[in-house]
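Two complexes, one shared chain (chain A), two partners (chain B, chain C).
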Partner chain A sequence: MTTESATTMATDAVGDHAGHPLLELSGLHTQFATRDGMVQAVHGVDLTVPAGKTVCIVGESGCGKSVTARSVLGLVDHPGHVNAGHVWWNSPTLGHVDLAAMDPKGADIRHVRAQEIGMVFQEPIASLSPMYTVGAQLGEMLRLHQGMTKQQARERAVELLTRVGIPKAHTRVDAYPWQMSGGMCQRVMIAMALAGDPTLLIADEPTTALDVTIQARILDLFRELQDETGMSVLFITHDLGVVAEIADEVAVMYLGRVVEQGTVEEIFENPRHPYTRALMGSIPTLGHTRRSAGRLSTIRGTVPHGAHRPTGCSFHPRCDVAVAGLCEVTAPRTLDDGASLIECHRWDPEALGSEVELGLPTLRREATPTTAERAHAENVTSATGNNLTESAPLLEVREVSMRFPVRSGFLNRHRADVHALDGVSLSIRPGETLGLVGESGCGKTTLGRCIVRAEDPTEGQILYSGSDDAVDLAGLHGGDLRSHQREVRMIFQDPFSSLNPRMTLGQIIGEPLVTHRVATGSELQDRVAQMLRRVGLSPDYMDRYPHAFSGGQRQRVNIARALILEPKLVVADEAVSALDVSVRAQILNLLQDLQDELDLTYLFISHDLSVVQSVCDRVAVMYLGKVVEVADTQQVFDDPQHPYTEALLSAVPIADPARRGEGRRIRLSDDLPDPIDRPAGCFFHTRCRHAVAGLCDGAPPALVPTADVVDGQDDFGRHRTACLRHSELELTGIAGTQEADR
Partner chain B sequence: MLTFIGRRLLYMVPTLILISIVAFAIIQLPPGDYITTMIAQMEADGQSMDAATIEALRDRYGLDQPFYVQYWTWISNIVFHGDFGHSFQWNRPVGYLLGSTLPFTMLLTFSTLLFTWAIAFPIGIFSAVKQYSIGDYVATTIAFLGVAIPNFLLALALMYIALTVFGQPVGGLFSDEYASAPWSFGKFLDLLGHLWIPMVVLGTAGTAGLVRVLRANLLDELRKPYVVAARAHGLTERRILLKYPLRVAVNPFLSTIGWVLPALVSGEIIVSQVLSLPTTGPLLLRALRSQDMYLAGAIILIVSVLTVVGTLLSDILLARLDPRVRLGAR
Partner chain C sequence: MTHHTIPEAGNPATAAPEALTTHEDIDQPPVRDKDRASQWRLVWWRFRSHRLAMIGLAGLIIFYSVALFAPFLAPYSSSTFDSDYIYAPPQQLHLVSDGDWGLHVYGYELEQDPDTFALTHTENPDDRIDLGFFVQGDPYTVIGPVTWDRHLIGPTDAEDPVYLLGADRLGRDLFSMIIHGTRISMTIGLVGVALAFGLGVTLGGISGYVGGRTDTLIQRAVEFFMSLPTLPLWLGLAAALPRDWGTTQRYFAITIILALVAWTDLARVVRGRFLSLRTEEFVVSARLDGARGRRVIFRHMLPSFSSHLIASLTLSIPAMILAETSLSFLGLGLRAPTISWGVLLEQAQNFRVLQDAPWLLLPGLAVVLAVLSLNFVGDGLRDAADPYRS
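Then we have the complex of A and B:
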């Protein structure tokens, strides 16, 4: 096997490789052969990972982060390959070796993959084979690489699973990946990466597909493991909050190059590259509600395709401070002072003429609200104060339940129910944005689907008061339903799969007009063109197909399709979750503009609390099919009255490295209760740190108004919570922690 | 697992009853019956039959009874006495006729299935792993040719080759000297010598189809994240391929059992005619042409039952091999 040849080589190699960093990429180029010619996905990356440190690579999708990570281990899939540069690896057994020069199918690189560099991927469930138990897959590696017997491998597998925090590891070892949650599978992947005691762990967006609560625990795990083993971590992410939580050093990538690199403190306190600054500006940070902050700043356009790399500085078409005649002509050189690195003409005294001042002014993080924004904020404030108190809610959900039957056994009999929604009551006032948050599986999407009647609720009423008297949407059928469906529309999550690839934009957006017999012929064309313009797309795109557009543009098409029938209520189901930060900011701004122009009411479903805080007037928190807390956004975030809300808030990573390790996080266990067999009493008591035996596992709590009353607030807007102990608990929101940095 | 099989067996009962009714209805569908065909034949030969004889014949065979009575007589005899009725044309019990052809049909079917798998499996894997290589293009081209060339044409070509190159007398499953001889080692070798032509002819189309299916499935699986993950864990390419994606991609192979069985029993009619094989195909063709209803009914019924049994077999195998099927992944 590999190990033998490796160890013999090691004896004479070990001595002379001290002094080299653990991993050093130099001039790395990875290209892909495509129909448009060669695309240089990684275009000369220099990066070092020192021993025992965590280096984060950040950037939008399409910037070459993942390809860089995969290039290290020779895992770039055909038709891509590393075409230049070196990956110097300070191997404990092989000495100072260039991984890029190794045969990607050879024994040496396999030895490095098995024993020295572990890797964790973005989609944990898909990264495990569905055909074998996790124990079998983990055990296979141990048997092959460590020469263990079947029995030893199994015992070691249980140990490893326990070490990565999997409860009941001795039974979980026999579970199949698809029987486990995403968080559990990611722990298994980490256990597999740790099996060979690696000195470097490469993690490619390991928490992107997970809930915030799970993400927080996985990040903890990385930190703990690093403390225990002293291994280095190369962490790929697009989430600056995560970077602030775990990074020692940060490399910002744009179009295949590292454009800025430095310690995490430097990058966050004084970002120098315009791209880094733009990324920082476009994240909605906790603590800024829509009333206080207003518009998010955005980056113009999107990352260009690798085949159309702009001349000069590749960021110049999107850069606000580009110097005409310089940035689009010559590529900036790398300014490396040893500790930090930047590639920007604005910081290069030699390139910059005397008429432009060197450097950029210190970044101000607060955005100024636009006029429209202020107008809206005033609108809503006055609405909560007075105007809307009299106006009836636009939509009132009353005691809606949704159960999906589970069938099993010999005759496939109805055995149990999955309780997706359990007596949910909610109201949405005209003109407001109600946020719906909770972990995945809490029923928020099901509720949205019931409201647009894509799903028929098992029981309860959905009262909609559009132009005339309240109508129960839950009881409507046929033509009546169709006419109300014109007024309640949905924006879907995935911009890639929710558009039919065989229809042109014109057909996609115009389809509701046709099916509801609203417009035909040239009137239809006109309305589609007008709608395209409204969502910021050119009417010329009408005859083109969705594949020609980026994720952000497709989401604009999705929005156009939802709005073409001039609805009153729009259900936005994770409408920005699949988008990059900069594009997400553009879409959020668009949604706000459209709300002001068209008097829309939004039900905004999202798992991202910072987004919800920046766009919603009120927030409802769901857990296991029930609403556990509902109140004004400010109240929910500053003064949560349910321990679950508190835990959710504390799990959100904050984009400020100075605040790391304050121990403010409340950790929820990964084990969500089974929605078929739910706990007695308060559903949350199994994970709640404030639960009291004999009380919380007794009678289920009702959603009741809390004691605190805000001036001018009517009964409708009262802060409500479903916690039996809320009056005696002192729960922390983000207000206390936010003030620290003011 | 036992619950699964038990439930599937229970589901089979109504399916089989329905199939038998449909099978019987189908052979009743063409206008007239065996007697009409017989009269027409006799008239063509210049003979005639008086009305009383015709009536007597109809009465004797129960052909004037209503549909459900005829069906019940037929099916109850099959189920309770194993009696498939009497073939008008051959003037022999249907059971006897089937007994002389079914074993050979089964033999041919299974050897063809094995042949198909033995060829399709390696070629499918090869052309998926080496996608767009010259070997892939060659295999793909041959596969398409295999689908496109009519089986009987291939049969004729192979017969010609067998005759001119190997000097082998063609047609049938046995040479003349063994045709009515008792079983011996010589007869067995003779059978093998004849079997390869129908096996290759019948196998090509199926092989070609399976190569395409396996290639497409394996290509999908090879792009799954777990393959990259397995590679990142330092496993060898060979082990990754054989243990991970192939295990998933092999599912359609098992599903083929369900439809390969009946297709081979009933689908080789033309080939069997050309090669004059003693299988059920030509028997069914003749029975249908002369409206020999009990013989035709029995064959259709057996083919249908084989379909159901084949599907059950492949489902059980699938559940055995794929935990997602067995444990019901959501």
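Then we have the complex of A and C:
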């Protein structure tokens, strides 16, 4: 089947049953039988997906987004099941059918899954079998569902792989999933979903596990495919930036219900539901630096567990504008004016008494700062910068390298090295926050772990100047190391695996005090209690175990554990990456407050550029084990001097649908070079659009100061970049895209 | 404990930094027992909901109580026999006869086949033998010099024959024999299991935690021990041990030597757990907290799989019971006069004997029940072992 015929088929399908939308969920209920009782994960969802449109479902985790998507195809895992409602599917072959009423193992639903609705999941590598080539896995599906011969299936597989943008598809078809990167695997998954020429593609967080550069390319692919085939997309995500990039319509879900639905422009320009507004407010947006934006707004608390659904409006305990005596008593009705939908008493003239004004004031979306504001902010930054320069660096990383040997063969011979870090030099001044960004695999986490000495660097020095003279942390052992580890602490990424589930919070937070013999008995208890209060938890929690707490609360415990020894330097390794947006904002605010209170210095490792911009004073960009650019945050974001930084910045989805499709995109290829066998010269030249043959693949560039000097900046704070062509290139940062915007 | 109510901090976005000392997380769920329950409590709660495991646990408690109180529970001592009642069939218990209440059985009427001299026993309803509780019978030692002669159940007149489960080829009461056999059968493997367990955990732990050359060395040793064929080894050992040792002593020695071979599986499991735990974030963070080697192992790593270890320990006891039974059955393990289920089963080797006295297989039933109980408990423990993974 060719692409053309697929398009016709899709248009036909739309024409056939014009009276109905392509997909219509009405009153969908899905429940799970758990130890805590019946949990209604989807609690009466009404949603329509029109033909040819992209509908995004957005919300925090635990809101029932994925379950809704899975309910459509009857893929809800045991012990869950759809217990009420309809999934009306306008099938090109079966007519107008209710998927929820079909036998989940029957032939009809299997036909729909194979030919009419494709599905793409979050973890591309986990969804493919490592034992078969991608061609075999694609081909099996084609042979099974479309009755193709082996040869036909192979040809079609190559065709599909080409269509999803896999270069050299005729050779890649014989590759195993583990030989491909995450982005490539996700393309293969999309190819599989497209195999039956579906009229609807359901994508469940398809880019969440991917780097931002890869995410941008996958989102492009979705758009291209949609333009080509006219299929509809039901896209599930927690990332409002992604929504702004891709959606036509948006449905905001909270605790198993759609609380607001409308076109993407409406939702972003005039969000009406307090939850939507709060979500919008809690994402750090590019263009707002730490000094200009201040604290992020947050949503109180966390999404409650489905078994403890609040009475009345389920959002009322976290809502700032809840009406007492109304919101906690009755559930709001659905106000549907045909185009948009909202469930909130504040917009319901019938429910609302006369004393409360109808509606909510228009949300003042923070305008992108004007040039004058920016200049002011820069002055502030440089002023603080001046303060900082007075002191010598707290930590100086000098030429640190980290190699992991690759051994193989009979005698375990040393074959090659994985170069995780390659001559990294950095300094951090006391009181500042240095951001460390880069794609996964660039060595940023390894650097953080070397600094706290969870890993031993292969070579180089890590000079730490705490209270006394500079000490090389890399050379310390035993007791000396331990005493310095009191001052350099780490906050881990995963709030679940980093807390021992078998110890109470008191034991976990108190452990450093015990091992360093700082405090015992009641003094220990007091200090732990004090620390708990500091991070916003109740001291009563001391005798509880981590399993009683949510991700955000656990991350507070992690912070408490890191801070109880009164450290000077804290390495926060993706400390907020595993958290939902609202909780993330709470934790970021907490980290900033603690920094001010306790004079902390942070090394903030993150892949999320907007978070980095909102919390960091300076930023270092890493690529393949090397620092390629380092400068003040403002400079890096406004005036990047390395093509890689430029590409990273342009890949960040911007939560503003009006700025979609500006053609500002710089796309990097999906494949990172192998850290075992790295390219010659500049490591980035294989993906760089500015690379010049004969120059960039020659001598590796050093990290050198750029020509531009900001007033009052000493040598330390100079903008540095590792690009041979930086002086001749005109690179665009965030400011540039905004200028272009106007 | 009352639930701590927390002053509302207001919208944290607008709250000044001083508001930090108040608590931002206002919608705390009420305190549940679960939140304060330790690992073992959680394991027990899970185990409790596993019905088969609870049945197994009850069975296990019964078996070990029988082992503990064997001489008191058994109607006769292990050395009591009566050649008149060789292969006597089981008697039926009666509660009422001729309007007379009381637990009793009927005595046997003996007939001898004039040609084969084989004895046949038929119950004689006129010969009523009253059973009583806490009756006087064969004396036995309780602890040290303390002896007693009361039995839980038995004939009111100690001279009367009572064979509730029939008699064996020496005319011993099979019921008493099974009870006495419980002692040896349920306990002889324990020392071996404990030894194998200790070796496995220690060597596996060292192998996984230290790594490198030590790990390679221990793993090669594991492979060597795994390649040893156990049955010929057992045979050889049975022949090689000094003749003047008692049978129990000899068997005990064999189990210990076998334990030296049997630690390998566990060592591999423990090594794997250590290897995976070593890179686990909470272990890394414990090291960064300043915990030294021993503290990391015993406080942070070991508790996270101790319940798995207990489960595997429970599951290895049945193997030892079965080994004892099968070896004794083959005549290689324990031998008379020691009494164990395996030794008792040895009598059931002959098919013709089995035809006449099928009740001789009853010790086998005891083996099955004991092994099943242990397996159920082990399975339940294994399912409950990690309460943090749903």
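In this section, the second predicted complex is superposed on the first by the 695 of 742 C-alpha atoms of A that agree within 3 Å, B and C clash if a C-alpha of one lies under 4 Å from a C-alpha of the other, contacts with A are read in each partner's own complex, and residues count from 1 in each chain.
Going forward, a contact is a pair of C-beta atoms (placed from the backbone, for glycine too) under 8 Å apart; a residue touches a chain by one contact, two chains touch by 3 or more.
Please read all numbers here as calculations on a predicted model, not as lab measurements.
Partners chain B and chain C, brought together by superposition on chain A, clash.
Touch criterion met: A:M189 reaches chain B, while chain C stays clear of it.
In the superposed model, A:H516 makes contact with chain C only, not with chain B. When chain B and chain C are set side by side, the one touching more residues of chain A is C. In the superposition on chain A, A:D77 contacts chain B only, with no contact to chain C. In the superposed model, A:M141 lies in contact with chain B only, and not with chain C.
Of the two partner chains placed by superposition, only chain C is touched by A:R561; chain B is not. Touch criterion met: A:S497 reaches chain C, while chain B stays clear of it.
With the complexes overlaid on chain A C-alpha atoms, the stretch of chain B that clashes with chain C is 148-156, out of 148-156, 184-192 or 238-246. Of all the residues in chain C, the ones that touch chain A in their complex are 1, 3-4, 6, 11-13, 17, 20-29, 31-32, 34-39, 280-282, 284-292, 295, 300, 303-304, 388. Against chain C, the residues of chain A that register as touching in their complex are 281, 295-298, 300-302, 304-305, 308, 317-318, 320, 452-454, 482, 485-486, 489-490, 492-494, 497-502, 504, 511-512, 515-516, 533-534, 536-540, 543-545, 547-548, 552-553, 561, 586, 589-590, 593-594, 596-597. Note for the complex: chain A touches chain B at residues 70, 73, 75, 77, 105, 110-115, 118-119, 121-123, 126-131, 133, 140-141, 144-145, 176, 178-179, 189, 192-193, 195-196, 408-412. By the touch criterion given at the top, residues 3, 6-7, 10, 223-226, 228-237, 239, 243-244, 247-248, 322-324, 327-330 of chain B touch chain A in their complex.
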